[in-house]
Amino acid sequence: MELLVVKDRRVDYDGSAIGSHWAYRNFGILGNSLVVFRGKCNVKVGEMIDIEDLRQSKEIKSDDMVHYIVEVFDLVSTLFASTLQKLFIAKLCEVLGEYGIETVRKGDDIYVDGKKLSISIATVSPVSVKIHIGINVEAKGIPEGVEAVGLKELDITDVEDFMEKTGKALAAEFEKVKKDSLKVRWAQ
Amino acid sequence: MELLVVKDRRVDYDGSAIGSHWAYRNFGILGNSLVVFRGKCNVKVGEMIDIEDLRQSKEIKSDDMVHYIVEVFDLVSTLFASTLQKLFIAKLCEVLGEYGIETVRKGDDIYVDGKKLSISIATVSPVSVKIHIGINVEAKGIPEGVEAVGLKELDITDVEDFMEKTGKALAAEFEKVKKDSLKVRWAQ
Amino acid sequence: MELLVVKDRRVDYDGSAIGSHWAYRNFGILGNSLVVFRGKCNVKVGEMIDIEDLRQSKEIKSDDMVHYIVEVFDLVSTLFASTLQKLFIAKLCEVLGEYGIETVRKGDDIYVDGKKLSISIATVSPVSVKIHIGINVEAKGIPEGVEAVGLKELDITDVEDFMEKTGKALAAEFEKVKKDSLKVRWAQ
Amino acid sequence: MELLVVKDRRVDYDGSAIGSHWAYRNFGILGNSLVVFRGKCNVKVGEMIDIEDLRQSKEIKSDDMVHYIVEVFDLVSTLFASTLQKLFIAKLCEVLGEYGIETVRKGDDIYVDGKKLSISIATVSPVSVKIHIGINVEAKGIPEGVEAVGLKELDITDVEDFMEKTGKALAAEFEKVKKDSLKVRWAQ
Amino acid sequence: MELLVVKDRRVDYDGSAIGSHWAYRNFGILGNSLVVFRGKCNVKVGEMIDIEDLRQSKEIKSDDMVHYIVEVFDLVSTLFASTLQKLFIAKLCEVLGEYGIETVRKGDDIYVDGKKLSISIATVSPVSVKIHIGINVEAKGIPEGVEAVGLKELDITDVEDFMEKTGKALAAEFEKVKKDSLKVRWAQ
Amino acid sequence: MELLVVKDRRVDYDGSAIGSHWAYRNFGILGNSLVVFRGKCNVKVGEMIDIEDLRQSKEIKSDDMVHYIVEVFDLVSTLFASTLQKLFIAKLCEVLGEYGIETVRKGDDIYVDGKKLSISIATVSPVSVKIHIGINVEAKGIPEGVEAVGLKELDITDVEDFMEKTGKALAAEFEKVKKDSLKVRWAQ
């Protein structure tokens, strides 16, 4: 899994990055990839993936987020996508724990003191698994009715360092997952 | 995922439970299953799944362990098996955190204060994904050279309650993973 | 497979219900589903799935039909879709037999005394198998040149009861298929 | 699907024919195949596929049966195997109907007047789907406690003709299933 | 694999033939197919499959080409698509060798004396593998900067015969590949 | 695809190397691999993969061969295995062409002047694709009735260099195949 942390500029997330080959089209990264970037979040209805959100006409937005876009080509399955998403969220909680922040993970959501820190979706394209994770930098521009929190409120102020650290942790996690999948014989 | 916590008797683990349909053959549980039981661990060489262990002639044993045997029929893939395994290990760490125990997860291993609490393997049969996780109740009968720790040393003395709590947590995690995989539209 | 029989209102079929997640989007049913409803049938050319029909510029329409929309997420394959479709058609013939009606099944078509009672299509979306079956309530509004028959001509006048009975029969058939697939060991 | 009806000799069924490539190894038939033959049935415990039967220590035997061994290489899935099996059983019932015999199908079992006419199993090898269907020629040598019936009791005395007719019907059904799977466009 | 060599008319290639079921929609060929035809090549940007070309704003055009459109439904995988494409290109080189022409194959490109003779792309639709190969008849109307060569410059003037010969060779190659895949037992 | 050319010792081929994870078990190579080695060939009947050979009681042996053992974990399919095998054989012919040797490829066999230079088999394990290719160094110890030729008769005397050159060519071919599979968007 090739990791790219975009530091030289902001990239807003409108949902289109969930399409296949986004990392290759935009950054020339071939194959499994994790792109970490920072920018606004405002998902257009036409790009919404979670049908539950669509049914409830939810808004998905935030003024400032760290975004993770994952693409894996090894296996096209929403069950695998959903499993990898939860593992990545759990890993992010573990890294936050290293910052001294206590989190509660509920499936693919991260909470700190009952406040929502993150959003996420996992699905497939016809050729890959795609995952988006967004972590609030500041809890601004959040849909009404959602009690949110951001990295700044948690005293994580070096956002670039956080992007680097978490990006490396997720990529390493995937490499471990992949390596282990290759060293086991099949069972009867 | 049907959960069975075996409380009325001890079941030793010799590696054969990693075979397909073990839960159905032994407990009549059809389909995706999680069986939690307690007993010795002594994996016969012929049942070893991790070829890295085989190459290093490692022993896999412990006098008293809580065992988790997972079987999922939805998707036959070692990559999925390895991902689900790590997620389940992360979940166990989260439950241990609720007990006030600080853990470090390295892939599929759980450490407490640098000591190994668990063993695990994930693979496929021709029809399913199979995962075994073992958690030391006491750090006895462990292979030489391994610094281990058990639940008792961590003041978790109600082992049955731990089996129940963790079994429910893992089964619920899987149900969440599965549910989320069904509510997303595919991406372009 | 969750069964929903829509009795409180008519739902027309224009072909769009063949898209993925239709049951979830419209009725909140997650996962494998069978929705039975009653309404007109008039499939727009842009929604036609059978390329043979498209090549022959066939019309697919009827003034009053019982519709079955099946979605299965377990396995994405047109061969499986086509097999399940034929099994469901055979099951419908068996239920019609219980009403005392003698049918002839030709693949996915049901005939009574040489007259066509049904239409059907089976395909895949990128995440699921989708099947549509339509059974004429009355042989009205049928494309010219097709000799058709409807439930009313066959003295099945309690259409709601028929919807209920056949819906339950198909859902039960699928559950039996699924259960049996989980209780067999693999062969060498 | 290549059809072979073995008429020149009896072939007994001990369960080993459920292994992959049986038709190729024994008759030189490459690819999808249906072999119809006649002989005793006595499945060795080591060859039993149905774990439910194994758990209940059931015997599977009959003195004289028509056997159908199906192998399909297109798709390796027990769910597909189980679906195709039920469709083939339904087709056999339809052919029996043409003989004037009224049957009741319960999943993969055929009953006439409450008596069992058939046995069947469907599973996968690592490279194919395999199905066995056995139809009693005479209800002799059946396990105790099973009320059985055979073709002879149903006045089907030309067994070779029955083998030919049903073999052709099943092979044609599969060809129709396959053809239909290739003529549909995918749905959104 | 059904082979169709279109000789009675020219067919231009604008990229749309890469869509699924093109051979069935246009020529009524069901299942695996190879259609060989002759015509201009001018791929619209919206039909471009190679994202590398898209990123570099390459043009794909030629005034006169022999085109091969392959569709295989057995296995939906870009890795398989890419492998089959290279095998077909290698086979075309072998046939050119029979004409006495020495070629150099670089992946999916054919060169003669350092000049490019062909273009090719391989991908998947949601239901099939699709491959396009184009061989210049004359090196005219080629994008600037590309040194190209055509069949005429290589003294292959009977283009119809070439279409026939290569079409048969590719179809036979696929049949051999398929046959061999069915006659091997699986390995431990 | 990791390449290992074993130069320091001879390794005989008895067919067991066709099993899954052979390269990892014996050389510690994880994941896709190509191991090239030199040694006798004498395949035990119990290890024979080609059922056609088994049916004809063929012997597979040679006193001195260069062997290639390929394992690919990306896709488990005998059709893919058979395709990749033919591509690798075609590539070997291309490399032989660079030595000035004219070959004729018939599927997975290489002939020089009507004499057989090679043997090959391709199949799957439950977790991988496996291919064996053997090229005679000398045409000695060949089964009776087979007209064979070896590298030495073709004036290729630096066998180690040949092993190195062909090993690199095959591994590079696979990397090109893989890379191309990742840079194409899917088609409608």
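Should a chain be cited, it is by its letter among A, B, C, D, E and F, assigned in written order, with residues numbered from 1 in that chain.
Here is the rule we use: contacts are C-beta pairs under 8 Å (C-beta built on N, C-alpha and C of every residue); 3 or more make two chains touch, one makes a residue touch a chain.
As the structure is a prediction and not an experimental result, all values here were calculated from the model.
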{"item": "Interchain contact steps from chain B to chain E (minimum; 1 if touching)", "value": "2"}
{"item": "Path length in steps (a step moves to a chain that is touched) from chain C to chain D", "value": "1"}
{"item": "Greatest separation from chain D - chain, by CA centre", "value": "A"}
{"item": "A-E, B-C or A-B - pair sharing over half of the C-D contact pairs", "value": "A-B"}
{"item": "Maximum centroid distance from chain E, chain identifier (CA atoms)", "value": "B"}
{"item": "Between chain E and chain F, centroid-to-centroid distance (C-alpha), Å", "value": "26"}
{"item": "Separation of chain D from chain E, taking each centre as the mean of its C-alpha atoms, in whole Å", "value": "43"}
{"item": "Whole-Å separation of chain centres (CA-atom averages), chain A against chain C", "value": "39"}
{"item": "CA centroid of chain A to CA centroid of chain D, Å", "value": "50"}
{"item": "Residue list for chain F, restricted to those that touch at least two other chains", "value": "20-21, 24, 51, 73-74, 78, 124-127, 182-183, 185-186"}
{"item": "Interchain contacts, given as pairs of chains that touch", "value": "A-B, A-C, A-E, A-F, B-C, B-D, B-F, C-D, C-E, D-E, D-F, E-F"}
{"item": "Contact footprint of chain F on chain D as seen in their complex", "value": "21, 24-25, 28, 73, 126-127"}
{"item": "Footprint of chain D on chain F - complex, ascending", "value": "51, 54-55, 78, 124-126"}
{"item": "For the chain E and chain D complex, residues of the former touching the latter", "value": "20-21, 24, 30-31, 73-74, 125-127, 179, 182-183, 185-186"}
{"item": "Chain E - residues contacting chain F, complex", "value": "18-20, 49-52, 74-75, 77-87, 90-91, 93-94, 105, 107-108, 121-126, 130, 173, 176-178, 180-188"}
